[in-house]
Amino acid sequence: MTDFLSSLGYAQWIIPVLLLVPVAGILPILLAPAAQAKRIALVVSTVVFVVSLGLWWAFDATSGNFQFAATLPWMPFWGIYYRVGIDGISLFMVLLSTAMMPLAVLGSWHYITKAERGYYALLLAMTSGMVGVFVALDLFLFYFFWELILIPMYFIIGVWGGPNRLYATIKFFLYTMFGSLLMLVAILLMVWQTAHTTGIVSFDYAFLLEHAGELGSAAPWYFAAFALAFAIKVPMVPFHTWLPDAHTEAPTAGSVLLAAVLLKMGTYGFLRFAVPLFPDVAMSPPVTALFISLAVIGIIHGALVAMVQPDVKRLVAYSSVSHMGFAMLGIWAATVQSVQGALMVMIGHGLATGALFFLVGMLYERRHSRMFADFGGLARVIPLFSLMLTITALASIGLPGLSGFVGEFLVLLGSFENHPWATGIATTGVVFAAAYMLWAVQRIIYNPLVQPENKALAGHDLNLREVLVVLPLIFGMIWLGLYPKPVLRRMEAAATRFVEFSIPRAVTVQTADGSETEGAK
Amino acid sequence: MTVVQIVFYVFAVAAVIGAIMCITQRNPIASAFWLVSVLMSLAGVFVLLQAQFIGVMQVLVYAGAIMVLFLFVIMLLDLGGKTSDRRGAPSWVLAVVVGGAITVSMAQLADYTPDQLAHEISGSTELNADVVLLEGQRLQEAIEARGVVGAIAEPLFGFYLIPFQITGLLLLTAVVGAVVLAKRRI
Amino acid sequence: MLLTLAGPAAQALEAVPRWLVLHPHWVWLTVALPLAGFLINGKLAIAASGPVPLLPPKLAQRITEMVRRYQHGIVTVVGTGVLLAAFVVSLMLFLGFQFLDTQSAYVLRLWSWIPVGRFQVDMALQVDQLSLVMLLVVTGVGSLIHLFSVGYMREDPGYARYFAYLNLFIAFMLVLVLGSSFLVMFIGWEGVGLCSYLLIGFWFEDKANSDAGKKAFLVNRIGDVGFMIAMFMIWTTVGSLDFSTVLRELPAAVPVGGALITAITMFLFLGATGKSAQIPLYVWLPDAMAGPTPVSALIHAATMVTAGVYLVARTGVLFAMAPISSTIVAGVGVVTALFAASMALRQYDIKKVLAYSTISQLGYMFLGVGTGAFAAGIFHLITHAFFKALLFLGAGSVIHAMHHAYHEVHSSEDAQDMRNMGGLRKAMPWTTVLMWIAALAIAGMPLSGFFSKDEILAYAFGRGHDNPVFYLYYVLGIVTALMTAFYMARLMAMTFHGKSRTGADAEPYLHEAPWIMTGPLVVLGILTVFGGMINLPTWAGGHHWLQSWLLPITATAEMYLRPELPHGTTEYVLIGLALTAALVGLVAGYRLTVGQTIVPARDAPEERGFWKVLYHKYYVDELYDAVIVRPLILFSQRFLWKGVDTRVVDGVFVNGSAGISRFLGQIGSRFQTGQLGFYVLLFVLGALWILRAMVGGG
Amino acid sequence: MLLGPSLALSAVLFGIGVIGVLVRRNAIVIFMCVELMLNAVNLSFVALSQYHGVGGRVMVFFVMTVAAAEAAVGLAIMIAVFRHLESVDLKNINLLHG
């Protein structure tokens, strides 16, 4: 497979193809009749996904460096280049993005009835944006894609969303915008300052990484701006309240993409930018303590609040807060195990929560309600749905053998050595997770089947299309739960690199002969 | 004081009086007529300033066409000054203060001479108007050679051709716009 | 298939034909078989109740029809077949293990599961003396219960689903006992919890049942947190989670009796209390009786709940190194035994009595492993699996009969309430005899249960020599034995003796269960009678076979903790004491119950005094509910959600900043009067300002 | 030699136009005042063009054209507004009020 791909010159064209093909797909969608829009979107996104699968084989797992890299001038005078590359951290984020897209299109098949062309065009635009965020190695390019995502998401929620969509969109937009504008300021100032000291204006990630140590007293501020932008996106407590609103109002595919990919942009930002650029700040004891506390609070708070939600989607949204808390804990514990665990949490959460939102959406299409009070006893009438909901819920609460467990366990295991108390508290999140999820499952598919609307669901179990949407995700959960090795192997080098980078560079150790050497790097 | 100057002042006083009457008349029709008188006076001033063609245009286009349009609309809408549209005394005081301030600031130009213009353009006090203001002399020569119309026509259709064309486009747009706005149904 | 014959065992086993033995690397079959059963039955369960989505409709319809027609048969054959096959494989493995030249553990590495840096965990199964014993118990008792279920669940619409869950449970249980590392064991550990959850809530349309399932899972998860934290500690200390590595290296890495080893073992024990229903996490087990009775027999008596005991036995060396922990384990065990036995005294639901009896007997097992008598603990685990499975299945056939009788007369009486039974021995002679065997065994008559329980108590007494608190444990154990005998006699008397309280119309319909149900009962009865043989003590002419068989497992632990059995007179006095307690309990329980007039449940008066406290299980559920559950939900709802999220974060910060923007905007909008004159004035003022600047500058 | 007085006259007329705009509320009268101001500017252009070249005179043509266009569109707007509000008084036209 690897030879075949390299004979095609795969490494040279894959990233441009992933970025351009979805955008190019918009044109036929806009020209075709509205009824054909979804078919075109499905074909385009499937093609993108199939092509992106080659990354799996073409990727060299032994290398922690950026692969498939390319540089083209964009605004060279300002040091802005099209610089892209993929390493073990971004590889799975890219694959997750491309994999979710065909499913999102399929999942929207009958849900979206108005302005279909616009909807599917926006979905494709988002594909490019998501891939772009994860492959960009130029801070300006990164920011460009980062903001590019907001616009389609804004419209997807704002146009095709639920009754309270305007409040949710504005909240979502302003929340994220607030953080990212500060990040833009930080990027510009950082580039300006670096240009001042080195004489070279460049937004190049590698260049800035090299010179990030010279930022001096401004570094904490830059870090704060980056961290705020990413923390809002993750979202970390206390910046999480946009998420339940956005999820509740978004159409199914919007929720799925939000949970499966967009939240990962936040953690990815920490992994790629905030921590490696400013390790002295990020890994200083007070900052670490702050972030670990917030992560643990997020785990517990998200789970507890999820428990008392009356709305299924809000519950899943709060469960995301809890799960992303695990990812943050893993990043800040900064051991190879915890970082890989964080990445696994991100992937596992993408699969499980994505599937949960799909299932909730399917239920909504049948019952036009998301309130627990309206359900009960559905296992009797729609067993296939119930089966899939159960498996997904179990993956979400981290049952060993399913995807959620590997990530959670690695995070906790890796964090325990340096932060035993925080890890201990975080581990209790496992109980609360089981509490809210099983209670939710019980209220949906178990309990007496009394309401006539629910009884009428008999014979309206999932159809072929819906099974095709959820089944791949379930296969993914089982696969990652039982045999995560291929995934872990590919991310190991990059995670190790992250751990090495996140050791504060200023630390110097006194060696035996008295000479000072750079800390273990 | 030469004859030309006397005539100029006559026209100037007439224009100022006309303008004041224009803004103080209660009836818009009267205002319009007073404005016509101002425009006529200005046409005279233009002639005195050796811009005969512009003076003629002033009468034809402004006093003739535009003001007729105004009058036409005023009469069409029957705005014959049934109620006063003048604001109260505080507005008057404020307006006179502001307008007066503008007038006074600019009226300081009353003793402006061509030499001062030459100084401003060249940035040097050594040179006088005859040396610097060659464009003005060329205009005089062009008027002598091709007459007042020719002197304007040559740059208008030459150097200023594209702005001229754009102006035409503007007029076309304005015509279409006016039709769209004024008609009930198209 | 196999194999190399070597060692001295070779001669002894020469007679065994080659085709009867299997090399341990076939151990994966025992897991794969039930798993395959789960997949087939699960598919049938889904296919039976809906369309087959992945096939063309015509074909799907034909398949559905065929499945409908033959489903019951396929499910029966697959569901029980895989398990019988697994049992046969287990037997062959057991034999095969004798042929290995080494008696150390055989580890089958299937694939590398989670390799991250120096953290390496393989998906691997371990075959050794302990896991083989467990393997035989699980598949053996499991097979019998599967067979029983064929009759018991025959008319249930969820027949296929039931067998799917049951097969899945066996698969997970085998992963639990065969896992070669803590983490692989943890798959089974949580997996059996999942199956328990699914099976307790099997009749999910009754809210109480799904509540009970959820409660079981949650309480188990609390224990699992302990298990996980213990794993983190172990890994942090020795960098591995494999049993062989940990049990070899951890003793060298930490001081005996130190804080770390105590913490590790206490967290492990927290996990064990969750799974094995010990104080304080026992509350889920009585509720778990909401599941079908064979499930109670298999999961909540014979196998899953003993996983905690298995865990402590497996990591015995760690507990042996931490005297504080092992004392606590034994203490919690014996207190639980007493506490649960006292609650069993006043229950009327036949399954509830058995549930508390299970908790109590698990307490004995913990007393055993906590004392350091790991083999005795495992011994009791095995004998308990026999007699408790027999008791539950017997209760199952009683309930089955009662249910049918009431069903025939369209009565809605409680088929599980002993106050509605009485005199059943006439209708169900087989069940009566077999139940009596089990009751005598658990009560401490010299059947299987007697030997194992007596050994545990004897070891506890023996350890009292070093640590006097064990004398107290011993006394409590004897008191518990008395109570056990009492409530078992009460149960038997109320159910099978005395006058019938079933109701005159329903009584004629009571009948013995079909052979598919009584057959397994008979087998279990035989096992109950002779099960004690596997570890018969010397005074009874035995050789402690199980103890010596398990020696490779327990040997390292015995380096740190080696309780002695009392010898000579003491030994006989202790045996006499135990027998006396059992006899007194039995006689008292029987006489008091038979002599009493019992009113059927419908007319029963409210309990009074201490009986009421016992009947309501000391109000522990209510206490947990009031102290933990409700405050937590209120805290989440009122404080975290409505308070922090809605009021503080959204109210103050989000909407607050929006409010500030709006306020500033309103100030700005004051300038937007909409009056053209005002705009002109501003414009002119601006122009004037510019003019001033120009004139001033020029 | 008429340069200074012409510029002064231009200033005075412009000022009167400004005052007119500020004190009147009739939109059409305001338009007329604007025309007045445009004419004042024209006068400056013409006066200066004697010394500064023909550009100023060309500009006067452009100003006249714009004035004509403005009058056409503006008056059309007035007619449309009048149709809605039965008035061209600015106090009634406050759609821009925030």
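By letter and in written order, the chains are A, B, C and D; residue numbering begins at 1 in each of them.
We take it that contacts are C-beta pairs under 8 Å (C-beta built on N, C-alpha and C of every residue); 3 or more make two chains touch, one makes a residue touch a chain.
Just so we're clear, the structure is a prediction, and the values are computed from it rather than from any experiment.
The most centrally placed chain, judged by C-alpha centroids, is A.
Rounded to whole angstrom units, the spacing between the C-alpha centres of chain B and chain D is 9.
Centroid to centroid, with C-alpha atoms defining each point, chain A and chain B lie 67 Å apart. One finds 94 Å separating the Cα centroids of chain C and chain D. Once the centre of each chain is set as its mean CA position, chain A and chain C turn out to be 37 Å apart. Within chain B, contacts with two or more other chains are made by residues 87, 91, 94, 98-99, 102, 105-106. Within chain C, contacts with two or more other chains are made by residues 677, 681, 684.
The chain pairs satisfying the stated touch condition come to A-C, B-C, B-D, C-D. Those residues of chain C that touch chain B in the shared complex are 677, 681, 684-685, 687-688, 691-692, 695, 698. Those residues of chain A that touch chain C in the shared complex are 171, 174-175, 238, 240-242, 301, 304-305, 307-309, 335-337, 340-341, 377, 379-380, 382-384, 387, 394, 399-401, 406, 409-410, 412-414, 416-417, 420, 423-424, 427-428, 430-431, 434-435, 438-439, 442, 445-449, 459, 461-464, 467, 482-485, 488-489, 492, 496. Residues 18, 21-22, 25, 27, 30, 90-91, 93-98 of chain D are the ones touching chain C in the complex. Contacts from chain B toward chain C in the complex involve residues 87, 91, 94, 98-99, 101-102, 105-106, 108, 120. Residues of chain D that touch chain B in their complex: 1-20, 22-26, 28-29, 31-33, 35-36, 39, 42-43, 46-55, 57-58, 60-62, 64-73, 75-80, 82-83, 88-89.
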